[in-house]
Amino acid sequence: MTFLFDLFAQAAQMGLVLVLSPVLIGFTRKVKARLLRRRGPPLLQPWYDLLRLLRKEVVLAHDASWLYRAAPYIIFATTWVAASLVPTFATGLMFSWTADLIALAALLGAGRFFLALAGMDIGTSFGGIGSSRETMFGSLAEPATIMIAFIVSLIAGSTQLSEVAAYMASDFELRVSVLFALIGLIIVAIAENGRIPVDNPATHLELTMVHEAMILEYSGRHLAVIELASALKLLLYVSLIACVFFPFGLARHDGSLEDMGYGVAFYVLKLFIAGFLLATFEVSTAKMRVFRVPDFLGAALMLGLLGTLLVFVTRSL
Amino acid sequence: MPLDVALLCVGALLAVGAASIYWRENEDVSRRVYSLTGGLCAALFLSAVVPRGAHALSTTLPLGLPWLGMHFRLDALSAFFLAVINLAGGAASAYAIGYGAHEKSPMRILPFFPAFIAGMNAVVLADDAFAFLVSWEFMSLTSWALVISHHDHAENRAAAYIYLLMASFGTLCLLMAFAVLGGATGAYDFTTIREVPKDAWKSGLVLALTILGAGSKAGLVPLHIWLPLAHPAAPSHVSALMSGVMTKVAIYGFIRVSFDLLGAPAFWWSLHPLVFGAASALIGVLFATVQSDLKKLLAYSTIENVGIIFIALGLALAFKADGQALPAALAFTAALFHVFNHSLFKSVLFFGAGAVLGATGEKNIEKLGGLIRSMPRTAFVFLGGCVAIAALPPLNGFVSEWLVFQAILLSPSLPQWVLKLTTPAVGVALALSAALGAGAYVRAFGVVFLGRPRSDAARQARETDQWSLGAMSGLLLLCLLAGVLPSFMIDTISPAAAEYVGGRMPAQSDIAWLSIAPVAQSRSSYNGLLVFGFILFSALVAMQTIKTLWPRPVRRAPPWDCGYADPNPAAQYTASSFAQPVRRALGAIAFSVRERLDMPAPGETRAAHFEVDIGDRFISYLYEPLSKAVWFCVGRLNVVAFLAIQEYLGLVFAALVFLLLIVAL
Amino acid sequence: MQHLSFDIAHLLAGGLVLVSFMLLYQDRLSGLINIFALHAFVLTLSVAWQAYVQNAPHLYLTAAIALVFKASIIPFSLHAIVKRLRIHRTVEVVGGIGLTMLIGMFLMGLSLVVMLPATTAADPFAREDLAFALAIVLLGLLMMVTRRNAVSQIIGFMSLENGLILAAAGADGMPLVVEISVALSVLIAFIVIGIFLFRIRERFDTVDLFELDRVRGERQ
Amino acid sequence: MISEFFMASNALVAIPAAAAVILAFQTDYKRASQINFAAAGVTLLFALLLILKEPESGSFLFVDDLNIVFAVLSTFVGFTTSGFSASYIRHEIETGKLTLGNLRFYHAMYQALMCSMNLALLASNIGLMWVSVEVATLTTVLMVGIYRTRDSLEAAWKYFILGSVGIALALFGTILVYMAAEPVLGQGYDAMVWSSLMEHAAHFNPRLLNVAFVFLMLGYGTKVGLAPMHAWLPDAHAEGPTPISAVLSGLLLNVALYAVLRFKMLLTANAAAVTPGPMLVALGLASVLFAAFMLYRRDDIKRLFAYSSIEHMGVIAFAFGIGGPLANFAGLLHMAMHSLTKSAIFFAVGHIAQAKGTQKIADIRGLTQSHPTLGWSLVVGVMAICGMPPLGIFMSEFLVVSSAFARQPLLAAPLVLGLLIAFGALLMRLIGMAFGEPTKSVVGEAEASSVPLVAHLALVLVAGLYLPSYLVTWFQNVARLLG
């Protein structure tokens, strides 16, 4: 019985992230539009786009290989798995121990790996630019993530997100290293999701674009799947930040149904707050030159290292 | 019994090498030699994995130093390395049955290939200093012969020269180390050496010499310069063995001395492996990122992985010195696990590189591209190898790096401050090198196999033969298994860990769902099987649902590329341009870059010209001064060759007067 | 008697050293050859005296060899060679006779310092003889090193050999002295013949059978 | 007296002497080379016979553990070399480098050399030893100059002058030893005989012995070819016929070394005298380092390996200087292995020089391609001489370095450095000669008989893997003798 319940909870989370991710995108766009004195598209517009794309035929370049067609699904799968392993509304779900923080980073890395390959498959100059830059950012963002993982897991004494969340919720005292970790993770999140100031998700014809350059040749269902994956990625980072640094109202996996309900409510609330903050941040800053981005990410890496050193030292005091 | 079988097989390998000279006339000699070698490797592998019982087997042959004999011993550690060597060795032989077919002068390879494998096996079996060094140097010598097998290229000869010089430097260092350990009395067998008590400066000296000796063979920075020259020079199945296995044998040597012979470690022993390992990991991967020669790229990434292994070993030493058995076991296990993994996927990658080389005759990736269409199977296997070595789940490379990270996460408990400050830095280096490694392999695979062919050679490529494919896919399958079922590997390694760091990780195979938890489920755990399952599941679900709900046709069309689509393949992103951001941002850590841009003024019709040359600082600041110094002395001393007789007499006279003065006073 | 014999031996050995110094000093070839003849003659006397003192008849043989071979045949043939090579008038430019003399003095002192304390046990004959013999050997070597001309180098070598003979003769009852002196004479004969064959006009190492100026294979 | 007449050791001197006389009148050079070969073979047999019935001692010759090692070694190398020279001189005759008259002289001198060297090894007194070493010098001088070219004459001359100065110094040392012994052993023959000398060495006048050893060290050291007395060695090796180069490196150096060792034993037997070890170590290190650097700029293949001989003599001197059973064992082993390997290398070099028609290293390339047997055996030989396993020299170098480094790290470190530098030079030359695009060659592969060459290399290989315990106990006795 409990087994079935756990299974259901896990499935619910998988469904939840899948459903909510485009909504988060839509909400962010909406808020941005409002801040820019526009009415903006409806909240569910991203979903409409996805469905429209799914209904369209697929136009493949002549040189596209099997890898090009398989990549979207692999990217989607890795991101979805990662997203569904982050505690969103409840900790310690059935499979939450399958992959810890480091494994999550690695899963996202796998997604990036195949995305970059897909960008190079057609052999266009834009794809190459995108992949090269994505690789560059990734090779700085991933270590930063791992350093942040070090910080939190050293503080919480575990790399298991559920444990971390539980620890943070129970006896949490504000440490400077935690602050570093938070800032660093936000920077990484911005860079990884290609938001302003690193990249502009809304443009297609800008030589500084990264993510959009790689998926330039995609169309139809492939494009839809990739878009969904990137939405999932944004959601993942948001819920990661939420569950590590603001683990309020998380239900326990053995909690009752209404706990779960509260958990979901809290979670949605957090998402909207995050989306709002993101939008305001994006409208208030300008995009930076591509070759400033390494410094931007390097800052995150440095924060991570500093935090880790602090933890190492404070540990022995 | 297994030990005797193993020694017998080693002898048989040597015999096969010798026999190949007699068979040189008949045409199927290479097939015969390679299949025999493969069979013997299989036998050796079996003798390594059959249960031996708890205690180590040992035997003595009446060879070598007469009063000593040649001692051989098979314990958990040597058995593990024996298995690693012969797994890769067998695969290489199988691969070579196909690959070696189009070798233009096979007799320069056939006698030495089995001997090379025999030498590596003998190293891990040896149980006295003499046997160890004999097999060690024999390994170097035979591999040298293989490196110079394509001797008509000048750069191969130069590579062979530097290789053997560095190798014998390493051997001499090890020789001195063993001299300190047992030379005074001539008691060279390891059992005696273990018992002899060592004082601090002695073990420090031994450790330094061992780092130099084993490090120069493993390609540890700054002793790495031979590696990217020698490994590409050899034929691909040999490069695979040299990169995937021989470096591991060197690591075995380091483990044998520092974990076994030297006895209880002091904490500062861990500093050298940690620091040099981190340096190797970073510098190796950065060089790999900018290489445009496929095999050189792989060789540099070998340096990176060796660095990772040394980091893990350093942690193990630190924990062992502090008496923390469990973390030590974790780090040690991580090291051995990575040894195993690297031997697998580096072999796959070198095999793939060899297949590409055979199909196109082109090592320069700037001239390749689009091979995924002409050689799809090779492309698939190579992609698998890339994913594995890029440490991406669910393949095996990730598991071992994950274990190393877990070990680093335990290191705050180490009391020494210097270690507290070192390990986080090492952690950053490790994380950076992992991420950069992924990037490097995106570049490698993307430029070689994806996109459009950049040369006719690439355009006319054909799929490689079945033997090669079989060997590659077999190893790749092992990579997948080790990735999704890591618990079994860990439990296989743990006896060795128990023997050498005095502790073992909790038994993994009985944890639910076959996941691994180094310390405790609550602290950290990973389940490759489920991750693999989930990824597969969700990908298939997505595909199926979409296919069923919205079945839409696929139309082929020319690429859009924002309307700038250029039919000329040269318009693609090149390898060097792909590497440019990393080179700009991080290159300064590793190498000295000089970019030369010749941009014609507006209106000029000549083509713009841009070139980058990348220099190894260690060569320009360490090795060149050394050779300069030698040549300076040579030039100075050379005048002595041209004196007149009476000047020579003057020398004698001076010596006579000098000595007379000495005895007189 | 004992005392007198000792004095005579001493006198002769000292005389030999003196002649060695004269060799070092002399810079005209023909003069050098004559002085060498004198050197050999003094050696003969001293060997003969040793023979008489130790009443060892075989030493007379050695003395005879010295007299016949070294004191007459060799100088004669050397004169011939020098004439043949038309270098009998050449006056060698030896870098600083004074310096050479100083070094010679130093060597003399050295040989005394080395030998006298070393031979406290041996009987006085031997001690003195040995010290002087060592001095002669060293002086001969010095001469070979400092002189540029082949002939004078040979003379240096032969004076060195004389020193050896002196030492051998001085060693009481040493067997094989005759054989050794014969062997040495053969050696010297070889050298002289070599000089004659190869017409070595200048230094030892320019065997000018063919053209004089040449580049050895190795000189880059 | 009768029994003494039938001593096997007499044969070692008598047979070569007789052969020399016969060969001096033998006009047919093919027959002559056969006689030469046969005589060397018989001598070898008698040397082996010595092993069984040693020790024996007569009034002029004596055999003990030490000199029998040398005797067997030298007769063996002399035997194989005579085999090699048979196939070597055929080519020299065909190319007209040597006349028949030269050859008569050559063969006679070869046996005379053998005779004098055996005499030097077996001589029971220091005077006789000196005389025979001098004779050996003269014979080799004549052989070195045999080509009558300017270079060969010059080399012979240089060798002659330096050699005779060395000989003279050695003689002085010999006389001093006699004078040190005479007060104890009384006048006469007794005071020059090894056995009695060794017996009473303890009571000799130590300071006189010191002075004597200085002269003997420098005198015989000149013949050993230790720096700075080495100057004659490279030219003599390079300009003489290759069999003689092989004999020089393989035998003559050992003979001189044997003399040095004898006197070293004498000094070690006397407690009050200076320990000769440091002197040997110093000269050895000097030779190793000097030769190692000199190897780089050689462009004549025989000179190259001559310098490598200097290096290895340095290693051996170093080993004996370090002393102790382990190092002495290593020294003996190294000496034996070096003689075998180096003569093998000279066999190969002789054929190579004939096949390529030049001794210039720069003009020799791609041997493994043009002459596989020669090329690969050159590779094996050089790898052996560089101390690569599983060949014999690795074992001895392993023992030298490890035993030395354990006791005096500061002395062993420069030795290791020298070995590495020398290896760098030799490997560079080897790769240049054995690999790459082959240069034109005047003679094909088949001409030369590679039996002696392969035999030596096989021996070295076997010795590197397995030493018969009999040999080992034997060597260990000698090592103990050497103190």
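Read from first to last, the chains carry the letters A, B, C and D; within each, the first residue is number 1.
Criterion: contacts are C-beta pairs under 8 Å (C-beta built on N, C-alpha and C of every residue); 3 or more make two chains touch, one makes a residue touch a chain.
Note that this is a predicted model, so its numbers are computed, not measured.
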Comparison of A-B and B-C by number of C-beta pairs in contact, larger one: A-B
Distance from the mean Cα position of chain D to that of chain A, given in whole angstrom: 79
Intercentroid distance (Cα basis), chain B paired with chain A, Å: 35
Separation of chain B from chain C, taking each centre as the mean of its C-alpha atoms, in whole Å: 69
Chain C-chain D separation of Cα centroids, rounded to whole Å: 31
Contacts with 2+ other chains: residues of chain D: 157-158, 161, 165, 169, 207, 210-211, 297
Multi-chain contact residues (two or more partners), chain A: none
Junction residues of chain C, two or more chains touched: 114, 141, 144, 204-205, 216, 218
Chains that touch, pairwise: A-B, B-C, B-D, C-D
Chain B - residues contacting chain C, complex: 641-642, 644-646, 649-650, 652-653, 656-657, 660-661, 663-664
Of chain C, residues touching chain B in the complex: 107, 110, 113-114, 138, 141-142, 144-145, 147-148, 153, 203-205, 216, 218-219
Residues of chain D that touch chain B when the two form their complex: 157-158, 161-162, 165-166, 169, 207, 210-211, 214-215, 217-218, 222, 228-229, 231, 234, 274, 279, 290, 293-294, 296-297, 326, 368, 383, 386, 388-390, 394-395, 398-399, 401-407, 409, 412-413, 416, 419-421, 423-424, 427-428, 431, 435-437, 465-467, 469, 472
Of chain B, residues touching chain D in the complex: 62-67, 129-130, 133-135, 137-138, 141, 148, 151-152, 154, 157, 160-161, 164-165, 168-169, 172, 175-176, 178-180, 182-184, 186, 188, 630-631, 633-635, 637-638, 640-641, 643, 645, 648-649, 651-652, 654-656, 659-660, 663
Sites on chain A touched by chain B in the complex: 54-67, 73-74, 76-78, 80-81, 95, 97-100, 102-103, 106-107, 109-110, 112-113, 116-117, 120-129, 131-133, 135-136, 138-143, 146-147, 150, 153-154, 157-160, 163, 204-205, 216-217, 220-221, 224-225, 291, 294, 301, 304-305, 308-309, 311-313, 315-316
